[in-house]
Amino acid sequence: MTDLVTFGETMLRLSPPQGTRLETTEEFDVRVGGAESNVAVAGASLGLDSVWLSKLPRSPLGRRVVSELRAHGVRTGVAWDDDARLGTYYLEHGGEPRGTNVIYDRADSAVTTVAPEEIPLGVLDDATAFHTTGITPALSDAAAETTRAVLERASEAGATTSFDLNYRSKLWSHAEARETLTDLLEHVDALFVAKRDAEAVLDRDGEAVEVAHGLATDFGFETVVITRGDRGALALHDGEVFEQPVYEADTLDAIGTGDAFVGGFLSKRALGGDIDAALEWGAATASLKRTIAGDLAVVTPEEVERVVAEGDGGISR
Amino acid sequence: MTDLVTFGETMLRLSPPQGTRLETTEEFDVRVGGAESNVAVAGASLGLDSVWLSKLPRSPLGRRVVSELRAHGVRTGVAWDDDARLGTYYLEHGGEPRGTNVIYDRADSAVTTVAPEEIPLGVLDDATAFHTTGITPALSDAAAETTRAVLERASEAGATTSFDLNYRSKLWSHAEARETLTDLLEHVDALFVAKRDAEAVLDRDGEAVEVAHGLATDFGFETVVITRGDRGALALHDGEVFEQPVYEADTLDAIGTGDAFVGGFLSKRALGGDIDAALEWGAATASLKRTIAGDLAVVTPEEVERVVAEGDGGISR
Amino acid sequence: MTDLVTFGETMLRLSPPQGTRLETTEEFDVRVGGAESNVAVAGASLGLDSVWLSKLPRSPLGRRVVSELRAHGVRTGVAWDDDARLGTYYLEHGGEPRGTNVIYDRADSAVTTVAPEEIPLGVLDDATAFHTTGITPALSDAAAETTRAVLERASEAGATTSFDLNYRSKLWSHAEARETLTDLLEHVDALFVAKRDAEAVLDRDGEAVEVAHGLATDFGFETVVITRGDRGALALHDGEVFEQPVYEADTLDAIGTGDAFVGGFLSKRALGGDIDAALEWGAATASLKRTIAGDLAVVTPEEVERVVAEGDGGISR
Amino acid sequence: MTDLVTFGETMLRLSPPQGTRLETTEEFDVRVGGAESNVAVAGASLGLDSVWLSKLPRSPLGRRVVSELRAHGVRTGVAWDDDARLGTYYLEHGGEPRGTNVIYDRADSAVTTVAPEEIPLGVLDDATAFHTTGITPALSDAAAETTRAVLERASEAGATTSFDLNYRSKLWSHAEARETLTDLLEHVDALFVAKRDAEAVLDRDGEAVEVAHGLATDFGFETVVITRGDRGALALHDGEVFEQPVYEADTLDAIGTGDAFVGGFLSKRALGGDIDAALEWGAATASLKRTIAGDLAVVTPEEVERVVAEGDGGISR
Amino acid sequence: MTDLVTFGETMLRLSPPQGTRLETTEEFDVRVGGAESNVAVAGASLGLDSVWLSKLPRSPLGRRVVSELRAHGVRTGVAWDDDARLGTYYLEHGGEPRGTNVIYDRADSAVTTVAPEEIPLGVLDDATAFHTTGITPALSDAAAETTRAVLERASEAGATTSFDLNYRSKLWSHAEARETLTDLLEHVDALFVAKRDAEAVLDRDGEAVEVAHGLATDFGFETVVITRGDRGALALHDGEVFEQPVYEADTLDAIGTGDAFVGGFLSKRALGGDIDAALEWGAATASLKRTIAGDLAVVTPEEVERVVAEGDGGISR
Amino acid sequence: MTDLVTFGETMLRLSPPQGTRLETTEEFDVRVGGAESNVAVAGASLGLDSVWLSKLPRSPLGRRVVSELRAHGVRTGVAWDDDARLGTYYLEHGGEPRGTNVIYDRADSAVTTVAPEEIPLGVLDDATAFHTTGITPALSDAAAETTRAVLERASEAGATTSFDLNYRSKLWSHAEARETLTDLLEHVDALFVAKRDAEAVLDRDGEAVEVAHGLATDFGFETVVITRGDRGALALHDGEVFEQPVYEADTLDAIGTGDAFVGGFLSKRALGGDIDAALEWGAATASLKRTIAGDLAVVTPEEVERVVAEGDGGISR
């Protein structure tokens, strides 16, 4: 029995030291990141048997991705490509008012040619949950087709399917996203969506609770989770509404916060928690992530529980 | 004439870079730390002739400890053990809500077998002050016995003895601490204690001033200093009460703040300051320590005086 | 056509890692910095053809300075000295209350013997603007003499001359500065001065606007820009007054902020902007600089415009 | 089906930068190492499904070990101990004549209390090969007992058992090793032993080939591999003798070379190679390991094959 | 008057620390490298006014390339592309027998769409020398076309044209290279070619001197320089033969050695040296390069002269 | 009783990483070095009670020097100067043929104004040995005068005085050195001198043994030690000749090797060894130093003895 299967692209993440610019840096911190593997790592860290499916170049760089995910306990089901390149992203952290800048160098990466038959979908047959995001179908037509195929297969196999809309303006336009995603969402049980993406991509207006009801009605979602940045998350599940504030955090690296939220939420659900508890785990995992360098939420269930219970850290000695 | 002698364990302190977890780090920052040598270093930095007494393994790691303390001007009186190990502690700094985590790996360290006759206690014969903490007797029966013997010897030799209660829940229970410490405190002239430890270990209730009066009465302390975190310190000395707020600080590393406070306080006292001035030095040394990586308060008397006078830094050029 | 020529000393800047003291550091971050080259770099980054004039030792260290300035697009006009040393400054960043400490080791540097005939002043003949600061004449009599000569030459050639008073208490007294600078300011079209320096060095009292009017009247400046730290800047230009607040920033390295302000202001002016827009560019460049390690404002016009328009960063992906 | 199961202790490996001494270092490179997990990693790198069995503290440090092994593709079967410590070793690399110094701090580590029933021995039921070393039984009586039990279980389950004698003078005397190991070797099919250990621990004299014959006869080994440092290895298998010279290497880190040899040898055997080919793989893996920092042979089958075929690298572009 | 113009691709060069593999590294050293800009940097370092022509993405990464070249004194003539990516190469240094591994990620880089009219070819009008290599035409049809156009333009403008054949097996086959290059070589005055490339790509047999004569005859080269690794170089110039052994070096980074040789040779020629002296400068610059990390020969004419005169370094103090 | 007193300048030592040039480095390794304190550190490491006398600026940089020396067990007797600067030297390590380059920036350092009455010469009253070098008198007239005064005082107090001629061409000419040193040598009991310096500075010809006899006769030295690089050392003591080859070493940092030799020699003498044994300790300490980064011989008596006994290291575990 596998608790959680995810599918998507994972890239090499290259970032200069704090305060140093891409123009002048002589050093990159090297990590891997991708929304779906970030969720799988959060899941594995929190106790799930997690599997990540994708396509990678057969090279030391492709192995670099698998190696880091395995280190965090994620099993990997990878189609290896002899020629293609590894997607890369450059991340420059800047405090205000400079902000954080991401430069994608992910065109023609291995996953853009992925086909359903290349990847070991058999793992879906006894999977409890499947998760992917709106980034994957934005990568290429093949990736969009495969996303649909994998979602269908997961759904048929009885897994709960979840989807984080995760609109990326550097990959496609609102209109392109709307067209592709609307189609995919029919195979989804639980939607995670930022309020601003619901507005811009899914054409929704009004308060979060209205948006959630509208989406649930239109697409038949069992669960809709709307995230609103500092104002916390709202969930609609089987008609019932739940609210969750954020836990405050000293933010060292904000990248991956949303994925940590999803990973925490799905983990608590997979472990039998109700929506309330899942929202708490999501928010706590997200706040812990903010204190950790890299995309990945390297946290324990005990730490998540402590944040839920107390909200803060202090010195333990 | 030696101004200040301290006795206790100093460990190797291993910490991953900011934002990196012990689970995944590939690098440790290496320093040494121990409450009593931290106080000795603060003293030496502030102008005292300071000596630290302890027991260490005869190895490069034992020499590592002596080397770092000597660098800061502390003289060392060490019993060398051919076999025992060096106590180690792993320190993971985390912003909120993750907090700072300390993992001790100090069992069976050299100091756990320390005997009074091994260490050069002669230095106490012309010492003005002696200081130790409630950590040392928690390490082993031998360490507790030696703590008592050294306190007695210091007291007999005419040194002013001070003691920082410093309860560590990872070393012993409240009850164990109470039993051992109550006994030791009879040889102590000045007690430093956190309000929460006074409550939990010494069974005290009420406002800080009441606690101080009660302790002074029950144990015959000449001085009692109660620390209350952000709310500052309160001292009772010869029946008179003094209050000291904290100086604000951009905290980079909070470990060693309490020891810096004690070191600043004892230094000003040794240099002839009254209780008011000693509290100011304690609070200023503590706030400067917070801006410095590592356990040690590497500060100058001029810097401490400037904080007392102005409270802040700016750019000096 | 050259947009901006500056003249002054650039030093090697050596700083220990955050949280580490000069007393104990085993590592220095190595960069170069000097008020006038900082302005030239800001100018080049923002699109100007910038030239920096100075004198350096003919050594790898002298070449280190030229190399870093050229990397940022500044052309250099350097007199090479076979014997003299390179000025150096040690910079220890400390949070509050420790503050930031600068130790100059710049005596007898190459620039202290600079003579006008050594440096390629011909570049001034088609320069739009010339800038220097009150640091250069403080270095030596020769440097003061050459500053005057270069200012005169620039003025005669038709360049707009600007001057940042930049009083440095570690180099000379208020009285010495007043005597030397009063003389030089007659060749200056635009003065930048901190309010506290206007008071202490130029003997001015009252509100910023009065100070500006007084200076404009007494010295015949076309433009006076008064900076007031967190309270922003005030400009008096052809009798008209302009105010500019600061843009908030997460400060990682405050050194060079003032030079970034001047660089941003002069760049917008050279690009045809009016005083209002130049103040906005100055303030935006300064706030961006604060997020960047080192003296230099490595920013783009697009980033400056975004700060002016929006005030903050966020994550762009 | 599992190709290779190993059992033993893995420690945290802490080493200062090249040229820096333990007495003075401010930084440790952090890795994990242990003879048996080193062999498992070499196996996994070379294509085997490898499993490592052991006992670890339930702490971030214990998880650190599992994380690094998993990154290299090794599955782990670990008994978690709530209290015990993680074995640690300090490694100081020094060129000649200083040499490389190892300081063990492994007393009372979790594995010293390991019992057969704690670890998931079921994995042995379908394992092709099992490997352990003479380090494990040196750690404690419990570890020796469990080593015997696991060897027996592996043997009964039909796995080929191999044993690297690996005498460590810092753990026990020749006599102690002889007594304990003689007993264990009856369950071993293939012995790896350095010539000097065969002499000192197993009391053998004469040329390597004689030693091998004697050991094979006395203990009934199917295979004996004698290693002789720079003079290469000699194997006796079913009465036939094979010799293998070393491949030259630019040695960056010699630790783990012997384990890489064993890992290469066992991998080729598991992949169906004969003794000749296995010796080549062993020698090639060992020589590649020498160019890699850390205990682990992070190499590919293609790299090993290239060394066997060509002996060297050059630049591939 | 410009001394040397080069044209080609420069990539971001990412390499893990010595002893660390791409599979596992957490850090990249970041530099830039490309055969033609390497030659331009060697030229600028040795006193030439050098210009590098190319096409880059308009991004911080594109600016990173220009910034590093400018730091070394090279002027840049760049066509900026709003969309294309920057070519990247991953370099893993390994001692023997592991070797050095280069992974190119340069497909679809900006330069692959370069057209002659985009780049500021006017600089060729008063250029003394022009240089490019056989890597550039291998990148794309457009790059090959532009290479031809630029060679023609340089030739027509009266510059001495040189060409380093530089065959890269990861870019094209021997046959493809032969077809494209044969055509280009008609516009070349001086050819640099490794003996093995002359054999494989240009179909030549026999001793170096015969190969040189054959090539000179067939293509009408004024100068042919054949490099033979450790056996040094041979030049044929106007019918006369010159030989040059290599200077021994402690190799820290061999990448860029060939470009340093060409840069040293061309510099001495441009400074008026004869072929003998140019070969000496080439060999000396190449040997110095080997001691320097990165692709670039950051050396001075004085250092090159000292190697030519003495052959070694020692300690100068 | 103090075993060894030395007098001289200690500088801040700044060096870029291996393979990186001063022109381009962004990082300095920071250490301290000076011939006389190097000898004192070797002495303290090998068991002597060592004292170093000098003058330093009263600043964090001056304290940096004292801190590092104290860390190695040296006591310091320092005159503090409120204004002067700290001598600095830049060290660029380069393999062959680049060599190692030292740039001094030591003019006007604090020690150039040193006067005998400023430094605590009382320590000489019970000192067994005193050592200084020919670098100190080269720094300034005051330093030369004080060197003479301290030598005289040491001699009168009954200490054995030793002197390492240590000619530095960047400080003075052969003729200047000859004039000043000839004068000083009359107060010296033991001279250490490189053969090439004996020739160039002291005007000696012929084989080392002849040079030694000549110097002993002319100056009345009890001991003359001539060093000859790779060919080892020769000592003449009370008319008897001793030879000592070098121990081979993997050289990581050659700076300080000569001082380590002197320190090892003097240590063995102070511990009662004869000339033979002292030469062995000198050579062994020197060879160990070569494997250690920095000027300082951080070694133990046990390590020195092992090199004397065995000549090499290997792996100890």
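Lettered A, B, C, D, E and F in written order, each chain numbered from 1.
Everything below uses one rule, namely that contacts are C-beta pairs under 8 Å (C-beta built on N, C-alpha and C of every residue); 3 or more make two chains touch, one makes a residue touch a chain.
Keep in mind the model is a prediction, meaning the values are calculated, not measured.
Visitor: If you apply the touch rule, which chains end up adjacent to both subunit D and subunit E?
Guide: A, F
Visitor: How big is the rotation relating subunit A to subunit D when the fit is done on Cα atoms? Please round to the nearest 5 degrees.
Guide: The best-fit rotation has an angle of 180 degrees.
Visitor: Average the CA atoms of each chain to get its centre, and name the chain whose centre is farthest from that of subunit B.
Guide: Result for the farthest chain: E.
Visitor: Residue numbers at the subunit B-subunit C interface: does the shared fraction exceed half, giving same, or fall under half, giving different?
Guide: different
Visitor: Just give me the whole-number Å value for how far the CA centre of subunit A lies from that of subunit E.
Guide: Each chain reduced to its C-alpha mean, subunit A and subunit E end up 44 Å apart.
Visitor: Averaging only over C-alpha atoms, locate the centres of subunit A and subunit F and give their separation in whole Å.
Guide: Spacing between the chain centres: roughly 62 Å.
Visitor: How many angstrom lie between the centres of subunit C and subunit E, each centre taken as the mean Cα position?
Guide: 39
Visitor: At which residue positions does subunit D touch at least two other chains?
Guide: Within subunit D, the residues that touch at least two other chains are 21, 23-24, 26, 67, 71, 101.
Visitor: Report the complete set of touching chain pairs.
Guide: A-B, A-C, A-D, A-E, B-C, B-D, B-F, C-E, C-F, D-E, D-F, E-F
Visitor: Residues of subunit B touching subunit C in their complex?
Guide: Those residues of subunit B that touch subunit C are 71, 247-253, 284, 287-288, 290-294, 298, 303, 307, 310-317.
Visitor: Which subunit B residues qualify as touching subunit A in the complex?
Guide: For subunit B paired with subunit A, touching residues are 17-21, 23-24, 94-102, 104, 168-170, 254-255.
Visitor: Touching subunit C in the complex: which residues of subunit E?
Guide: Per the stated touch rule, the residues are 67-68, 70-73.
Visitor: Using the touch definition from the top, list the residues of subunit F that touch subunit C in their complex.
Guide: 14, 16, 21-31, 59-61, 63-64, 67, 85-86, 88, 90, 92, 101, 103, 105, 107-108
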